[in-house]
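In order of appearance the chains are A, B, C and D, and numbering begins at 1 in each one.
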Amino acid sequence: MGRKLRCGMIGGGPGAFIGGVHRAAISLNNEAELVAGCFSNNEEKIIQAGAELGIDKDRNYWTFEEMAKKEGARKDKIDWVDIVTPNCFHYPAAKLFLEQGINVVCEKPLCFTVDEGQELKRIAMENNCLFCVTYTYTGHVMAREARELVKNGSIGDIRMVIAEYPQDWLLDSLEIISENNQPWRANPKFSGRGACVADLGTHIENWVSYVTGLKLDSLCCNLDTFGSGGVLDNNVEVLVKFKGGATGMYWTSQVAIGFDNALKVRIFGTDGTIEFVQEENNYLKVSMRNQPPQIYSRGCDYLTDKAKEYVRVPSGHPEGLIEAFANIYKDFCRALIDKIDGQQINEENYGYPTIDMGIDGVAFVNKCVDSSEAGAIWIKM
Amino acid sequence: MGRKLRCGMIGGGPGAFIGGVHRAAISLNNEAELVAGCFSNNEEKIIQAGAELGIDKDRNYWTFEEMAKKEGARKDKIDWVDIVTPNCFHYPAAKLFLEQGINVVCEKPLCFTVDEGQELKRIAMENNCLFCVTYTYTGHVMAREARELVKNGSIGDIRMVIAEYPQDWLLDSLEIISENNQPWRANPKFSGRGACVADLGTHIENWVSYVTGLKLDSLCCNLDTFGSGGVLDNNVEVLVKFKGGATGMYWTSQVAIGFDNALKVRIFGTDGTIEFVQEENNYLKVSMRNQPPQIYSRGCDYLTDKAKEYVRVPSGHPEGLIEAFANIYKDFCRALIDKIDGQQINEENYGYPTIDMGIDGVAFVNKCVDSSEAGAIWIKM
Amino acid sequence: MGRKLRCGMIGGGPGAFIGGVHRAAISLNNEAELVAGCFSNNEEKIIQAGAELGIDKDRNYWTFEEMAKKEGARKDKIDWVDIVTPNCFHYPAAKLFLEQGINVVCEKPLCFTVDEGQELKRIAMENNCLFCVTYTYTGHVMAREARELVKNGSIGDIRMVIAEYPQDWLLDSLEIISENNQPWRANPKFSGRGACVADLGTHIENWVSYVTGLKLDSLCCNLDTFGSGGVLDNNVEVLVKFKGGATGMYWTSQVAIGFDNALKVRIFGTDGTIEFVQEENNYLKVSMRNQPPQIYSRGCDYLTDKAKEYVRVPSGHPEGLIEAFANIYKDFCRALIDKIDGQQINEENYGYPTIDMGIDGVAFVNKCVDSSEAGAIWIKM
Amino acid sequence: MGRKLRCGMIGGGPGAFIGGVHRAAISLNNEAELVAGCFSNNEEKIIQAGAELGIDKDRNYWTFEEMAKKEGARKDKIDWVDIVTPNCFHYPAAKLFLEQGINVVCEKPLCFTVDEGQELKRIAMENNCLFCVTYTYTGHVMAREARELVKNGSIGDIRMVIAEYPQDWLLDSLEIISENNQPWRANPKFSGRGACVADLGTHIENWVSYVTGLKLDSLCCNLDTFGSGGVLDNNVEVLVKFKGGATGMYWTSQVAIGFDNALKVRIFGTDGTIEFVQEENNYLKVSMRNQPPQIYSRGCDYLTDKAKEYVRVPSGHPEGLIEAFANIYKDFCRALIDKIDGQQINEENYGYPTIDMGIDGVAFVNKCVDSSEAGAIWIKM
């Protein structure tokens, strides 16, 4: 590669939270530049975004159909597109770009149905496209450390997984719902069948699966809709059983006063326990049987080699959300460069969450809603 | 009252953990003295216990049948008996003493079946006996503070309760089970139908009920038996629904490496959240809507008057397990003195956990086992 | 010993905080009983105390001169006296009892001057009396663990000791000082030349010395008196040098808003670091060079044998202030019994803080005040 | 401004930790681009850096003298230069660029002597140049919140400041010192008279001054050099007095096993206390008199408006080191744009640390060394 990679973006215009984070992560790696986009469905915002982000006018598109088509036809077309729209546009947008042979990075949840997900996977394979789903929290260095510790047998066989993800930052907006100010996350048209279970639940499902390699066998889910006006869930309680005999509990909530963004996962094995807390992502608590619990610190020499690949600054100098995204992009760009260099790619080997994980997330959301609607009964995956 | 109260003890001889704690708690209050007991079913231990504890020989009994009968006949009979045996003896022992008109303080779980519990309650009422079940963790000052904050509406209407109680101190003994060294907690003959769910689960069930006043409507429980040899549960995962619409999750485990005795309850209301962690029992985390979380400290002036009644030492000077027990005994002795003084007693008003709470605990254990045995289905309470 | 030990108490009547804690600690051990006392200089309180504590009328004394004399003359005289008065009475009271051959347990600071301390030591030796100074926080199990880890070389040679002890519970009373409500701790007549440095500073000085065995070489101290009206220090900042080359900083304050009773000591060695926080006394943070920090938990098997001797309840079941006192009494009573049994006693071997440590504390207070009065200059010990 | 700002960099080539962080911070803001540099004194590294960073060959300079001269002569000259070299080059490099009228951003410590600092200030004023010193930890959102809370009187008048900054990541390299592998930080030729006091101590001095506005009146400092071979300090203990009566203690160490990068500052006022811990930079502990301590979380609505200006992602989504740098650059670029737009600039108003703070830091280092060399005596600032 003698050049920087080129990327485009769908959604994520001025004022959007997550689009800015994706751009910051990309710029942190300094491997790629944003050269095209369709940042909004609002004219004014499109123009503003293009100007702010330094996008050439002819690559600042008004629809993503137009963008996919025109970019697909360029010689210097984008190497990948970032899809950071509300959930409902993930599937149609991803499809258009894949059909143009453009690699895709897509926010979670991947789409609304497993069928959609399978179709995207098929199209991606047919067009030899890479596909990354940005489950952010797998990007943290200590998530990678946790994954390695499980892989190398440090904690033995897994018995239970207890995970939670409470938030309260959407509390007011979720409770004062009207036509005008309802957040898209609480609107089934934009969000799909699940709200909290899709927005937060999929993070738990994926993080656990990413780190442990365990496959869900069945689940029993209760969804609550607290407060006035909403129709979608804002509190999610799930019992899970994994193939192989491990069990677990997942809880996530958007109405948990006092909690900011508190993803926490504990993995209990026959020989030890791993505890990851997203808000303290620079640390990992590791407890070995009959030993005092230890606090691993990102950046220290005793980490696994795999985790150390992602360390950017010395221990005690905090990394955060943007670095987590940047690590996923680092993985993805590595795969992309290998592909451009003509190598055969197995996406599993690069560390970023794949389309299969995206499909698993969509299955999880739907099975949770199915279970809850049927009275919180057990459902096979 | 011109005298110290007199108590007796069933079980809790040399080497027993919980008997010593009960005695320490009683001596801390300095309101009562231990004057009789049947501390073991082993001759040597009985003699040793009597000597160590300064029990008169004629009140150091060889069977609890003998003790109940002889104490019942004395003029200076014990004011109450403490039952701190393995679970299987709670019911028969309590019955014998109640029939002699002797008040009872009994360890949890109260007994094996709800019918047994109801019978004990009937006998207690017929004999005008007080009955306290020592759910330890309701005795902490900050448990009382939490209860008052819920009662006075500080956190609004309760939406969710997320509670857990992981341990690992029995891990080795639970996994190396043989005829000889199997802990009684894991033996159905001594423990009943549930092990972890009875030993730890009942603490969660009671603490939540005690602090919130919520009544369970139904539950869905998965019990696991990890490791070799045991037949009873050592890991418990429960979805619960409360009357009135609140929901919750309870998790407790005896095979959770890295956790000592980590009872933690979070109560989420419409206006705020309360978080209690037993191992940090001198503090309570209180988060009010749209305000920074606060750390309440036991002993400070801003606590409720009710909680302040139980403060023994200034803030920052840690109280612990023994003080929690002592607070329950303080409540119980207050009721006892009022009763001796001829007052009409409503046990609910004194603060200690009542026999009704004991019965609720037994119901909880049985419903959990029923649910799990039926495939972790929902069961009405 | 075929009997319980007998103790008496000077000070500590109704309403006094620390007297009650001493009594609770003694009763927790169940090795001794309180049989005599002079609990106050106020008639009414004396009578009330005697009644509450079940002291025989003829042993409920009106002055400690009378008590020393009469107890000294009894055949069943007290085995030791507890001195828990304001500081100014420690020296005269201790002297009287030692002269009667009665062993002494005395609150810190031992007395006002090193000369007084040396005199007490001489009298104690002449009368073959044991002498314990109740530096509370040396009694915690994890203080004992820390001491053993230093002794067995786990953290190598000590380089620095950073210690602090901020409080705020006396803040209001220290700032609203008048003739009537001034706390005795802030009155030089009762407290001596130092207030905060005597009340809290001596705890730091002793804890460090007890755990590390290091001897102070010199110090440089700044004392502040913040707020209106007081003449004694309420904030203390000290640089210290130890014999052998280690250095350190001590800070203690009674006007540190937001801190309850936050004694915290960190000991840095060439191979590792130990951190003890009194409010979390059931844990010890141990960091070995190039290893992740570990959280030791009181009660676990990996502790040193010495520390495990003092464990009362399993890990995760919190012990607190009273247990710390009780451990010191346990040590003292062990020595006492050995002495009664006719053994030659070396008090250093029993674990309780000795009169030498009491004298070191008095020296520390005086050197701090000397240094501060001279402009915070360095002073040799 | 119709264009991005242009910056150059001195030092910070491949492998240098802090240069990469500066570049990441600049790219995060997306307001400026790196167009020139003199990244090393090693030919190979210069070429590598230029290629990696996409610097035009004619702006990838071999000496900073050349760079200052040639950039000064360009029409499209850099708007500012970043100086991220070892300490010894700060002064000569800054001087050269200021003389060319180029604004400067310089790492701390600013230079070796106060005279040098004053000279730089004079030259900056003569040439109408802005000058920012990158005291990183003032850039955290919660540092800004702390500053506002002090300014608006929330915690009353300041009484004490207790600050510390222990590290251990350089421990091994500091202890195995030879000609070849001695870190420049421990070499007086590169680092100046102080090592730990310059590298870490200046952060404490500045953070306290930045947040509180307090001016140091005098200090008493002990410097230690633990381990073999080094000549400069690696452990620093300071008593400080502020103008106006407040006092404090600063401790910083590079040999504190178990601590990564643990800057912690506590500011005690008459009405409340603020506690900032750099490794938990997304939170601020605020304790008001007689109220339970509160945990402020970056991103929440209750923060001051000033702090909220710097929030990049919602609460609970961690920001870290790079964002802190980026906030300082954001301030600096705002001033730069105002200057380019022809406004009169008062650098104090923009929030970034000014050259006066840089000079204060140099004074602090020299006074600490002076004090320690004279036997840790008190020295006036």
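Following the convention adopted for this analysis, a contact is a pair of C-beta atoms (placed from the backbone, for glycine too) under 8 Å apart; a residue touches a chain by one contact, two chains touch by 3 or more.
What you see is a predicted model; the values in this text were computed from it and never measured.
Engineer: Measuring centre to centre, with centres taken as mean CA positions, what chain is farthest from chain B?
Structural biologist: So the farthest one, by centre of C-alpha atoms, is D.
Engineer: Between chain pairs A-D and A-C, which one is joined by a greater number of C-beta pairs in contact?
Structural biologist: Higher contact count goes to A-D.
Engineer: Centroid of chain C to centroid of chain D, CA atoms only: how many Å?
Structural biologist: 44
Engineer: Using Cα averages as centroids, what's the distance between chain A and chain C in whole Å?
Structural biologist: Their C-alpha centroids are separated by 56 Å.
Engineer: In angstrom, rounded to a whole number, how far apart do the mean CA points of chain A and chain D lie?
Structural biologist: 35
Engineer: Of all residues in chain B, which are in touch with two or more distinct other chains?
Structural biologist: Counting only residues that touch two or more other chains, chain B contributes 259, 290, 293, 297, 300.
Engineer: Any idea which chain A residues touch chain B in the complex?
Structural biologist: Per the stated touch rule, the residues are 159-160, 162, 164, 168, 171-172, 220, 222, 224, 226-227, 235, 237, 239, 241, 247-249, 251, 253, 255-259, 268-273, 275, 285, 287-290, 293, 375-378.
Engineer: Spell out the part of chain C that touches chain A in their complex, as residue ranges.
Structural biologist: Touching chain A from chain C are residues 286, 290-297, 300-302.
Engineer: Show which residues of chain B lie in contact with chain C when the two form their complex.
Structural biologist: Of all residues in chain B, those touching chain C are 4, 17, 20-21, 23-24, 27-28, 30, 53-54, 167, 169, 259-262, 278-282, 297, 299-300, 312-323.
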